[in-house]
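One chain, chain A, links the two complexes that follow: it is found with chain B in the first and with chain C in the second.
Take a look at the complex of A and B:
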């Protein structure tokens, strides 16, 4: 399940001043390393132990500094906050609330929320999905931001413009999402004359097989109960995922569809920025997964602070300097509610997907060599590619699904090269 | 001889799925010759609370990487980790950060 919170920054840009300099020195962990008075509750890095109050200050400040440093939000800009109910995005919502508090001079408010559910493809029953939605709505209502719910099933209603770099051209062909995908696959086949051999190819074909215009849309079903009963859609979604062979490919399909749904929501509601709550631990996993899948080209965009591949909607990742540990402690110590929803493979075997094997590897690294994880995710910043170099004047040709620029040397996106199981 | 002691053991972040979906467990540890520490507690949890797939919770004699341990709302890294000597009425929380959003 993912929630989008939309908000509007009305007064002034963030200022990244007063960033507390965290000085690292050997600590006996008797006292908080910052205030030198209170008892510490948390070790952030080796030797850095914070008390509860200083940890909160450090955490909240890091969020403001992140936005300020990157000049991420312009005054009055409408921002959509994508939330999953999971720890990192729930924590992000809390930070936005902190920043939006009335006494703050820089406030983000006038928010509205969109929440969507992926329960159908993660093995949740109708009853479980209903329960998850209920928990989610409780959190959404408490946030005081207006919201609405969306479901992964709605990807079948997406317009083809979701697959374009920037939909500035309203006179463009009014193809369906499905037709656009089919067209792309035909073109790929013509170009290479080879046979499909990879998860993403598989995904494109499966998407192309699905035609759902004969099914009533879910847009009108405002009531979550009624949405849940749109069983036909759910059935089709389950069949789509069921027909994708490997768990690695399913993970990729889910991420792609989720991104499309978030992008679509941003466009239809008129938001130019989307905030995603990916932690540095999560981004390190994503970066190494991308490497393993042969995706050097999209690496920087997939893991950097700012991702402008869609043109009109820019994705920013303000949680990328928080470790999963910091986030879990913050949520626990300050009562941030989260909703646990199973992942695609919650019940699958450990080695079932590349994503899972890499996750296990990264957490092992974190445990044995704590500083290496931030080194991994920071590497992404140094790898940024400028695909326009070959033909600076031309708009780069883009991969259909991930929308990263195609590698001009091979004529197609590295992301779409064969990937192991 | 350690007297029986009562603890509140909690699981979160999805770790509760390995414990029948139950987040809070009020447990009473029996008398035993040596004092109770986290190392012993983990063994006890494995034998008495863990319902499925112990390898997702325990690795060797400690918790699996990615599972955080809090003792009375403080990082166990500040408390001696496995060697922390449990006290009656302690609160021990295990939070999984795996698959986290």
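Take a look at the complex of A and C:
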């Protein structure tokens, strides 16, 4: 994902800064502010020095709290994690593993991963792509979750239903969150005491095997015909992106296709929730970018915690309260493996796209005014998903590509109405 | 061979429109620009026949083009408006005096009546004097707050039904960006300056040029040979708007439609309905529209008169509470409110009139200032 690549590069300097930070604030660095015992290893905000163990607890708790507070994931629900290999999504994977301890009733043990590969349009050669994929697969296999690899080339085979809003599955968990949790616990107790059911681990391994066999690229590589088809697809994809003139439009195209691909994977594999690893910093950039692209009406949908525009598949963003810096520290301290992949805007000029201009602006302002990212993020929190002038009963007309409610009805908006008097 | 005009197909093109990318000749551009402004006025139903419209005239390009266009379109399409020029003299030497001269020249040519209101006459402080007390920063906060009221008062004085200002698409886009960066929900809801027809002040306002790109306004003024004044205000370089402005220019370079897109986004933002919004009330001292017990101008003036110019800027609620209780401030606290170090503390605390006695007033005061950003 574009997201993660940009952040990836910041890991170096951050880890270098760590010692300097602590040395320059001896007063707050003497003891961890949480346990008051261990010596701290990093300062999150000014004055908040954490030791390694407390930082980990703080970090994991934040993830769990995020899911708990929003009551996003129902027990036993199948969750798909969208991974790019970058810091944020890799960190998200680790968090899911942390909270997936089997004794917890709200654990996410039905999680699985979709890893997308878009090297073709980001200027990676075939050899480099193979290398990246290999690294990814190592990480995926080590996670022991079932996984799917999605190549951007597959967008040419997507069904047209991907452009449709599917109504929410009525047989799904309609009752309250609390009831669902209780029901799940009851069911678990029955399984423990009753008939010999397959242990969780075995089911997972079975699932993993199944999904491994599902991956089309795996055995396909041996087949020359399939390889030729893949090459044609790649060629098609490169031509598609080549026909788009500006980098801004390319970024938007890639984002749309990527979302469609993830949605397709979720639908075909029967997942009702997809987790995306966008951090607070990334979301601040996205808010301002989309604002500049005229997507003011759908900002809340694009950046909110839960995004139900597709109807049957809900996208959630559990990493949205972590800053890029926190994530970088976490990955560094706890050895979270990440994969570096170039993005569309890697090595592009500073003013090449709206995305890039905004990103540079936000990072620059953040260096001067450390509250920039959080202020923008909180502004985004105050936005509403439903347009102000929409009638609640009517189903809104939706955009074909992003499935957000159309905002192009140039009727009389409230500001255009004649002035009183 | 130079490109030919894409509208008439005969004359050589004189420009490529930033907004649409079309190559147009001079005559076609002027016609298109005038027609678009007319459409904006008609579609937005900005004016009614017989209304008196005060044009906020600074002498700069936007207001000069606006005054020219309104006069032209009024004649051409018969809006039936009585047009006036209204200028505010902030008292900034080397800037406003020269721009007011441009307004006067325009007045002579156009024959529109002109009225000038000055900060000195309205508030007893000129911007230059304020800046001497305040230092280089935050001047735009004072100037902006004061001008908003000054325009309203001038318009009331002249019996105007409406104020038309020369805000262009770039200004609107900057404001959207700025309010978003500051998290100013109140202003975002009010349409981020996208021309609330109801207006915030006493006199309704409109922005007939709010869909016009700054570049096109400059080109229009250039092709029409309009005489305007173009120098940046001497206090502007320190303003926070500069960040938004620089960003907008880069965005426009990357994708010209970004300016219009930002305006559209600003109009279409929908805020959560459960947010606590500042309620519209009136200032207890001057009766002007305010979301707080005192309007911002009165708070700023109070600060100036007490020798604590930063009283109304940033978060000094605790200090304001202290003042309200009649407690003396320490030297350090006075310094934080911008008092000069060498200045002797005032002999006695001047009571705040009826405000000094009211317990609640200052306590409730919560000015929505910039979030640690200089505005």
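Criterion: the second predicted complex is superposed on the first by the 304 of 421 C-alpha atoms of A that agree within 3 Å, B and C clash if a C-alpha of one lies under 4 Å from a C-alpha of the other, contacts with A are read in each partner's own complex, and residues count from 1 in each chain.
As a convention for this text, a contact is a pair of C-beta atoms (placed from the backbone, for glycine too) under 8 Å apart; a residue touches a chain by one contact, two chains touch by 3 or more.
Quick caveat: nothing in here was measured; it's all calculated off a predicted structure.
Q: So in the superposed three-chain picture, is A:74 touching just chain B, just chain C, both, or none of them (first/second/both/neither)?
A: So A:74 meets neither chain B nor chain C here.
Q: Tell me the contact category for A:375 with respect to chain B and chain C: first, second, both or neither.
A: Once the two structures are laid over each other on A, A:375 reaches chain C alone.
Q: Answer with first, second, both or neither: which of chain B and chain C does A:88 touch in the superposed model?
A: first
Q: Touching A:363, do we find chain B (first), chain C (second), both, or neither?
A: first
Q: Using the touch definition up top, name the residues of chain B that touch chain A in the complex.
A: 12-14, 16-17, 55-56, 64-66, 68, 70, 73-75, 77-78, 93, 95, 97-101
Q: Please output the residues of chain A touching chain B within their complex, sorted ascending.
A: Residue positions touching the partner: 29, 39-43, 49, 83-90, 277, 279, 281-282, 324-325, 327-329, 332-333, 338, 340, 342-343, 346, 350, 359-360, 363-364, 366-368.
Q: What does chain A use to touch chain C in their complex?
A: So the residues of chain A touching chain C come out as 246, 248, 287-288, 290-297, 299-300, 351-354, 356-358, 361, 365, 369, 371-372, 375-376, 378-379, 382-384, 386-388, 407, 413, 415-421.
Q: If you look only at chain C, which of its residues touch chain A in the complex?
A: Touch list, chain C to chain A: 43-46, 48, 161-162, 176-177, 180-183, 185, 188, 191, 194-199, 204, 206, 243, 247, 250-251, 253-255, 257-258, 260-262, 264-273, 275, 371-373.
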